Each structure stands twice: as structure tokens, then as C-alpha cells.
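After this come two complexes, each holding chain A, first together with chain B and then together with chain C.
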Partner chain A sequence: MKTSEITAAQAGLIGCNTCSLLTHPVSMEHPGHCPRCGAKLESRRPNSIQYTWALVIAATICYIPANLLPVMNTTALGSSEADTIMGGVIYLYTSGSWPLALIVLIASVMVPLGKLIALAYLLITVQRGVKGGVRERTRLYRMVEFIGRWSMLDVFVDTFTVAMVQLKPLMSVEPGLGVVFFAAVVVLTMLAAVTFDPRLIWDSGTEIEVRPVAAPKGHPSVLNEKSHA
Partner chain B sequence: MPESTLHAELPRATLVTKKHRRISVIWLIPILAAVVALGIAVQRILSEGPTITIILKAAQGIEAGKTFIKYKDVNIGQVTAVQLSDDYSKVKVTAKITKSAAGLIVEDAQFWVVAPRITLSGVSGLGTLLSGNYIGFGVGKSSRAQREFAGLDVPPAVADGQHGIQLTLKAAKLGSLGIGAPVYYRSLEAGEVTGYNLAADGQSIEVNLFVRAPYDKFVNAETRFWNVSGMNVSLGADGVQLHTESLVAIIAGGLAFDTPSFADGAGPPTGSTVFSLFDDQASAMKKPEANSQHFVLYFHESLRGLSVGAPVTLLGLPGGEVTDVGLDIDPKTQALRGRVEIVAYPDRLIGRLGEQQLAIGQTLAESNQERHAFFDHLVEQMGMRAQLQSGSLITGQLFVALDFFPDVKKAQIDWNLTKPEIPSIPSPLPNLEAKLGSILTKLDSVQYEAIGADLRKLLNSSDQVMQDIDQALIHFDKSITPEMKIAIEAFRKATLSANKMMQSTDAALLSPDAPVQQELRDAMQEITRTARALRVLTDYLERHPESLLRGKPEEKN
Partner chain C sequence: MDTEIVACPDCDLLQQIPVLNPGDKARCPRCGHVLASAAIDSHHPLDLPLSLTLTAFIVLIIANTTPLMGLSVMGKTASTTIIGGAYEMWINGEPLTAAVVAFSAVIAPGLFILFMLIVLLAARRPPAPHWVGEMLRWAQSMQPWSMLEVMMLGILVALIKIAELATVEPGIAMFAVGALVLLFPAIMVSFNAHEVWMRVEWDHDAAASQSPPQT
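Entry: the complex of A and B
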């Protein structure tokens, strides 16, 4: 048993989610509140896997109309044109600006899809108790979490364009329904990334059995037969 | 304590905390997402109209995703794909029709490309300059749905729901007629030319036109159509005639129609009736000649001023026209002489007979033999001869007059020839100059003095007679005679100055470089030049309508 790989839960401790203070919980069942910042202590985020799955599935559903429906309706000189995300990418590519096409393709198509796949992969490995690759999976999770705030790029571009290009009756741009779904995908994957508890990766990754928490002296302790690891 | 030991050995109950398998509220989110997405999908599928394909000759600015199909300026569909047909000869346009318009897509619906069209009679499709071309749609009457259509090459000129009649004319050449050229009925615009194409045999042009209600009811199977394009200036033996229908017709060309009075009773035109297009109103409205007789005339004098189409008159009434003017070598004398072929329409003259002689006219009209006999009688007994006469002082145009000269040499008509010859006599005054000259010579040679002297002698002699009868008359004679002399002198002066005046008129009007003729010629040349410039402009505009907006592009070398 390597101490370096022991989890707080295995040691019967809980790290505060807010200020990271390592504390002895009142009990694993009802850990109480952080003595430093007063945040509610949680050994593991309750229902993390279920919640994350729900959000990932919702995001996946939204991903389909986000790509099929137009994100932008451009009306120029009487002719109106509806652009889907992929349509925009193809237009940019065929009109010669392939770097832009690449940016849009990565930011708007590949990143949301990659996030969904990454989250699904993390969830499945955690549920199956896969032990290897803990570091890699943790890094993947960090990446998903970090990238979340940048995937709204497309939505921002869309809103800016709509707000600025209002030269009626010559030209106007109106948001399409697709952008709503696109924003939903981004928000749902961000929420899913937040709901997912990365500590679950480590739980199955460490081979140590979860020990019952030895209650500190002077504190009443309610022991569980089974830990919530 | 055995009891307690036993007690201790008993297995301990395990406390199993039942894992909460309650389904979390969070699952509402994916369910909601699925419901919304499915709802949109279902709504899309339900609102999906039919997809049709239209085969066009060229794409003409049609773009996938940008071009709409419009009916009454309402979008009823959108082009989703533009491809070449399988054999690369045409363009296949795929379009999605909105569900609400699905019922319109029937067998005989029409599709055509609407592009800006600038013709001299009007500008159409200006909206497409901004919005791009679109596909126009014409409602069909059928109720059977169809999904494949052949696009029209030219938009139908007839707006939806307009009542009227579609007609086809056959013309030798198109002239300046274009699509949209007006069709007039008694100078009212009654329709327009909707299209034209070369007939299958390549020998004529088929012009399609539409006559709007209520004018359509004036079209029957015998209605005549003629060209009113431009200005119709005809210089004929009848004088100068200038005829135009309207300013638009001058520029853009046009047609006019009317039904001749003799064809009032004709039935309505059937779908297959093909009308012929006449050059002018006169030829269009001409009654068809049931009988026509060709003759040839030989003249030993100048035929200058005699043109094809010049009238042939009998006692001054038109009864035919000149069909050819040429030369001939007399087989007997080897002399070159003028040959004039004419066609006589006996019906016209017979139609002029009085009512009580209609029966005679009828037999003449019906029987060739009777008519030949009558002609023979006219030529042999009555001395009917052909003669060239001057029809117009100004233009010097000649026409053929058949008149009676009882004391000419006897002659006969040889009816066995394909074109029998009517004997001619030289024109008494082959040209006006000679005519006027001889009049003047005659006027000049009149012995006014002698007439005066004779008159005086006469008066003297009568004076003597009178003297015996009444003395009072002597006084009369003495006072009147000198005054008479003065009057005669004045008359002579007047004729001399008339002589001079006529000579100068002669010079002004008749010589080729006479100022009047010169000015007339200049004016006509100016009109020709203007017309040519207009034609160049219209041709250019037709090829480059964008130059109205952009100006003329610079010439590329």
C-alpha cells in the first residue's frame, strides 16, 4: 500500500470542495460542514454518475439539431440564406479561407463532440471500475472542464453578427433555431463536466480497500457497514 | 455464561443501507431535450412539401439554397440543388415546395426563370436585379400531381388568370417584332406577342401572340393580322402615305388585326388555326381574289416610275396590279421593249356593276368563256388598250390604265398564251415634262393678236348689221371694243406669266436635284439613320441589359 495513492475517503477524511481543507467528517453519511469556510462537505458528489449521464445524453440529443438546423439566416438584397454550422465551414473552405474553416470546425463541431465522447468515456470507465490510466483520465477531465468556457465562441460570434448586421432592408442576419441547441449543448456539457466528480476516477484507480473511518475521539460516530466510496 | 456465549455466537444481523435507486429529476433534462428535438423533427417532416425537379436549358443565375420559386410574388419553394442532367445537355434543378403549395404542383403547371428583361415596350423583372433571378410559376388546370417538369424557355407573357386567346401567326420574316411587342385593334392595345420560333421547315416564323379579353371576341377564323412595326411610308402611284400605329410600335414593332367586312360571319378560330402575317393593312384587308387573270403588256417607251404593285385601272377604277416590270425582245422585229405583267381581278370590276346587271356580272364571274368573249369584245370592238399614265405629279409614279380608243388599229387577244397580251398604245404624254411643255407651247402659239383682230372684225361686221337694227348699239360698240382689246392684252400677259411660273414650278418639282425632292430625300435618309441608330441601341441593350445600370463596358482589345 502506497500512501501516495491513498484517497481522502480511504483515509476517512474529506477534502472541502471549496477551500480544499482536509477535515475529519462527522460521519461519511452526514459529513457536516467545513470548519473553515462553512461549505457543505461531500466525500463524493451525490449521484454524480447519474447526473452526468443525464446531462451528457441531453447534450448529445441537442447536438443533432444543433448541426442540422441553421444557426444563422442571412437576408441580403432580398435573397435569404440559411447557414448550418457545417454549411459555414464548407463555405469558408470553398471560399479559400481554410484556416478560418478549421477554427470553426474545431471550435464548433469537434470540441463539443469531443467533450461528449470524453465525458462518456470517463463515465463508462468509472462505472466499470477500470483501474489503469488514472492520470490520463484525470488530465482528460481537466481538459474538458477547461475547454468548456471556450466552446461558446460560436454562440458569441452568432450573437454579435446578429446584433451588428441589421441593415434592413438591404441586409439582415437573424439567429436560427440551431444556435439555441448549440448553446444548449455547450451549457449541458459544461454542467456535465461540473457534475462529474473526478475523485471517482481515483477511487477505482487505487487498489486499496476502503476502510471504515475511525471516528475521532470525542465525536459520536455512526459507522456504516459499507462505505460510500 | 453459556447462554451468553450462545448468544454471542449467533450471527449478527447486517445493516444494509438500501441504495437509493430513485430516478433523479435530472433525467427530465435529456427527456425534455429529446421531446423538443423530436417535436422540431416531426414539425419539419409534417411541413415538408413535395420535392420537384425542373429541367432547364441553362441555370441562368439559379443557385441552390438561394433561388426561390414564386407564385404571385409569394415564395412557394426553394431550389435545393442545381445539377447537370445525365447527358450534360440540360440543367436539372431540384426544388422543395412548401407544403401549403403542394396542391399547385400538377401536370400542366409551368416553371420558368424570371430574369430582368428590358424591352422597349417595357421593363420587367426589375425586382430580380436586387434579389437575383427566381423561378416563376404558372398554375395548371389539371388535378394530377407531377414531380418532373420541363421549364419554359421564355416566361409566358400572359399573367395568371388573364382571359384571352392564344394565337399563332405564320410570317415570312420576323422583322422588328419582339416578345412583348404590342398587338393593336383599331389602335387600342389589345394584346402582345408572347413568343416566336422558326417553323419546323425553316421557311417561316411562327409568332405566338395573346389577345386579351374583351378584344379576343373580335378575332375570328378570317381575322387578318398585319405588321405595324416602325413607320410605314409608301411612295406609290397613289401618293405618299405615312402610317404609324403608335410610338411604341415605331420603336418596338407591333401587330394590328382587324376582321375584313366580307369575313364578318366567320366562326371563331380553332386551336389549330394559323393566321398569316401581312406586311401592311392594305394587303391584309384585301379581299381574296377568286378569279385572277394574268396579262402581259409591251410598251415602247420608258417604264421609269412604274413599280410592282402599281394599280391597273379600267376607266379609272382599280381592277388589278402590276406584278412584274421587265424587258422583252420582240421576236419579229428584234426590238427591245418594255414588258409589264399585270394581274387583273375581274371580280372587283364586276362587283361595281349596278344592281340590275348583277346577273350579267355573275355569269362573267363564273364562266371563263363568257369573260374571254367579253374581253375580246372590249379589245376588238371597243378598242380597249393599255396605256401608261402618270399617277402623281410629285412622285412621277406611273400606273397602267385600260382605256378605250375606238379609232386604233384592230387587235386581238390570244387566249392560248399563258399570259395573254393586251395591246398597248403609247402614252400620249409619256412624261409630265413633255406634257407641260406641250401645253405651254400650245398656249404660246395661240394667235392672241389674230384672235383679237378677228374678234374686232366680227364685232365690226356685227356692228354693221346692228347699225341697221339699233342706233343705240353704235354707242355700245364704240365704248366697248377698245376695252375688249385691253382685256385681251391683259389676258395675254397673264398667260405669259403663267407660262413662266409653270416653268419654274417644273424645275422645282421635277428635276432630280429639285429642292423639294432633295429635301424629301434628305429627310428620308435622316429617318433611316435614326432608325438604324435605334436598332443598334436596342440590339445592344438586349445583349447587355446591365449596361443600363453600369454603363457601356470598355472595349477590350
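Entry: the complex of A and C
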């Protein structure tokens, strides 16, 4: 593969995040919209570090009540019982389905915590301009992006348990306050993965030798317009 | 053949995509991001994703209109649908959770399939009007929030929990969701967004804000 060994930003170009069209905006500060797909053009996601930190901190705060408050209240024949996320895991384990207990434990407890730690680590290393482990950190970011959705598992478990077990006065299950904090953790960390810009890892982590010949000479406004090779 | 210069979305490195053989992929040499892939059927690259999307559209309607599961205990019976799950959360004092569930289990997958269907139909005869590009962008922004496979696993865990207390029977929607869990990744794998991007007409107002060509 032929590479120019410079980034689009160094060449004064912007690659569209949605359709990957490469454009040469008049102003890098106000590049406007992509002529092909209409997405807002951004060389780097604006205020990426600040937004991501804000979302990570908000998610961390929600993580505590999500784990301490009950996610379900079961009422059966007059007696009622409250279940936290860990309580649900223990229930699955003691009722003999340990593989499911393990899945819920990983998806609901370990993945959200791991995501928060991973995002904080990525933010701190970018802010400090750490040079090493650029590839590994990019891989970590992709993992955070890919795995995030699976934390929603417990929200679905609670929803469909509540929806199914509505056999009043025999037995009913009501959602607990914990579930909304839990859903908030998942949504906030998914948004944090969106606002974090992985290109920042490479901006601070690598020094590409800018070879003067490598710059595309006299490029047209939009490089991809029918360039026949 | 068209070769294209792109900036890697993960590391911003400028590079030229080589001419690809059917089924090939081009990765960024610096960070490994998959930059482009070539369709297996290069003459009709949109036919397979279109038929898969059309199938998913029909299955999605079945999944949302039939019961997900039925439950009976001591002569009492109950059944629920996907949206019924969100509704129960709503009336039990959890409107925010209900909204998250409705969005990730019904709205996001529904809009994704609807937008994809319109895009694939409209892009059959190039050039595709500019709104097709806008709509493909909306479809792509819905995709990460569509969580049918997570819901499927969540329902299975709920079923196993409830099975201790009552007799549970899976409904038609359960099988429909199972089919969708396979259909969604199949659409993503068979669909090459670049095929549509190449056909989309540009917005001339936005293009005017780019610097004029220098030759």
C-alpha cells in the first residue's frame, strides 16, 4: 500500500468521519459540512478530552448506585424481596446456571468498570503526551467501543422479568431504582467512546517525519473526484 | 479503476487505497483499521444486501407484532411483546429505562432497516440523489444503538430465571428476533458503503465551501 507518511491534518485536509471523503476546506477551524454525506466535518472531534472526561465522571458517579440499589423487587404471596445486580448473579449461580451467572457478572459488573478504567487511562495518556504503546492503546479503544453495548444485558434481563412476571396477586416483579442508574452508566460510557477521538492517541504518541515530497502536490479541492490511476 | 486517497479514521494517516480483488480488504499499515473492502459480487454489489435487508424488514415487523413469550403459573397466564416490555417499565415508574429499552430494541433497529432499505433501493440506478447520502449517514448513526443480540441474551437469562417459578413458552417473536440476530451482521458484512458513496450526488453548496481546484 502506498502511503504518504503524513496525516490529513498535517496536509491541511479532513477525512469525513462518515463517508471517508477527503476534502480540502478553506478553513480548518470552520470546515463546514461534507459535500457527499452532509456530516459535519471535523479534523479532530471538538473538545474531545473535556467531553469524554465529563461523561466518564458522570458514569462513575452512576456506577455506585447502580450496584448498591436494588434492580428488581419481587413480591410473592405477600412477602417481598429486593435484588441488586450482584444478588442476581448469586441467584443464577446458586440455582445451578453458573455459565449464565458468569456472563451476567462479566457484562454487568466487570465490563462497565473496565470501560471506565480504560477510558480514564486513554484520556490521561493522551493528556500527558505518552509516546509508547500507541498500537495497544488504539486496540484498547476499539475494544471499549465494541464491548460497550453488552453491558445493556442486565437492563434487558430486568425489563423482561418485570414484563413477564405480572401475575397479581400471586406474584409480581417491579423494577428497582438501580436499573435506571445502570442504564445511565451504559449510555454514558457508550457516548464517551463516541466523543473520544482515537486520532489523539496518534497525534501525541508519534512523530512522523514530514517529508516535503510526500505532500500531495497541487491537490484539487476534493481528492477523490475521479482520480484515474 | 478508481483508486482513492483516504485519511484513516482511527489515526488520520493519508494513504492510497490499492485496487482490490473481490472479497479483499485494505488495512491501514499504521493502526490496522479496515479502510476498504471489495464486494464479492462486483457486478451487482447491492443486490445481496438489498435482499437481506428486505428479509430483515419483514422479520422485524413479525418480531414487533407477535408475542415474545407466554407464561403460565397455577392456571394464570400472561404474555409479552418487545414493546410490551418497555411499556411495563414505563408504568412501573421507570420511564427513562423504558425509553432506553424502546430505543435500543425497537426504534434504532427499525430505523436502521428502514433507512438501509430506502438507500439500497434508491442507489440501484446511479446517480443517487443527495438525500440518499444523508439517509445512509442516519442509518450508520442508528447502527451502534441497535442492540437486538444483547436483548436476545437478556431474554434468555430472564427466561431461565422465570422457568424456576412458572412454565414459559417461547412465542413467534422469539424466533423472529433469533433470525434478526443473524440477519443484522449478514447485512453489515455484505454491504459495502463505498458502493453507495460513489453513486451519491454531491451537495453543491457544501462543495463550494471547499477551496477551489488548483491545477
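As a convention for this text, the second predicted complex is superposed on the first by the 199 of 229 C-alpha atoms of A that agree within 3 Å, B and C clash if a C-alpha of one lies under 4 Å from a C-alpha of the other, contacts with A are read in each partner's own complex, and residues count from 1 in each chain.
Assume contacts are C-beta pairs under 8 Å (C-beta built on N, C-alpha and C of every residue); 3 or more make two chains touch, one makes a residue touch a chain.
Predicted model, so just to flag it, every value in this text is computed and none were measured.
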Counting only touches as set out at the top, which of chain B and chain C does A:Leu188 meet: first, second, both, neither?
-> first
First, second, both or neither for A:Ala82, with chain B first and chain C second = first
Have a look at where A:Ile124 lands relative to chain B and chain C in the superposition and call it first, second, both or neither.
-> neither
Scan A:Leu69 for contacts with chain B and chain C and give back first, second, both or neither.
-> first
Quick one: classify A:Gln50 as touching chain B (first), chain C (second), both or neither.
-> first
May I ask you to decide whether A:Pro198 touches chain B, chain C, both, or neither, giving the answer as first, second, both or neither?
-> second
Applying the touch criterion given at the start, work out whether A:Ala58 contacts chain B, chain C, both or neither, answering first, second, both or neither.
-> first
Check whether A:Met110 is in contact with chain B, with chain C, with both or with neither, and answer first, second, both or neither.
-> neither
Per-residue contact with chain A, leading partner among chain C and chain B | C
Common ground on chain A, meaning residues reached by chain C in one complex and by chain B in the other = 184, 224, 226
Partner chain C, residues of chain A touching it in the complex | 1-9, 11, 13-15, 17-26, 31-39, 76, 88, 91-92, 95, 97, 100, 103-104, 134-135, 138, 141-142, 149-150, 152-167, 170-171, 174-175, 179-180, 183-184, 186-187, 190, 194, 198-199, 201-203, 216, 218-224, 226-229
Chain A to chain B touching residues, read off their complex = 47, 50-51, 54-55, 57-59, 61-62, 64-65, 69, 77-79, 81-82, 177, 181, 184, 188, 224-226
Residues on chain C engaged by chain A in the complex (per definition of touch) | 1-19, 26, 29-32, 35, 68-69, 71, 73-74, 76, 78, 80, 84-89, 92-94, 96-97, 100-101, 104-105, 130, 133-134, 136-137, 140, 144-145, 147, 150-151, 153-155, 157-162, 164-166, 168, 193-194, 197, 200, 202-204, 206-207, 209-215
Can you list the chain B residues touching chain A in their complex?
-> 14-17, 24, 26-27, 29-30, 32-34, 37, 40-41, 65-68, 127, 130-132
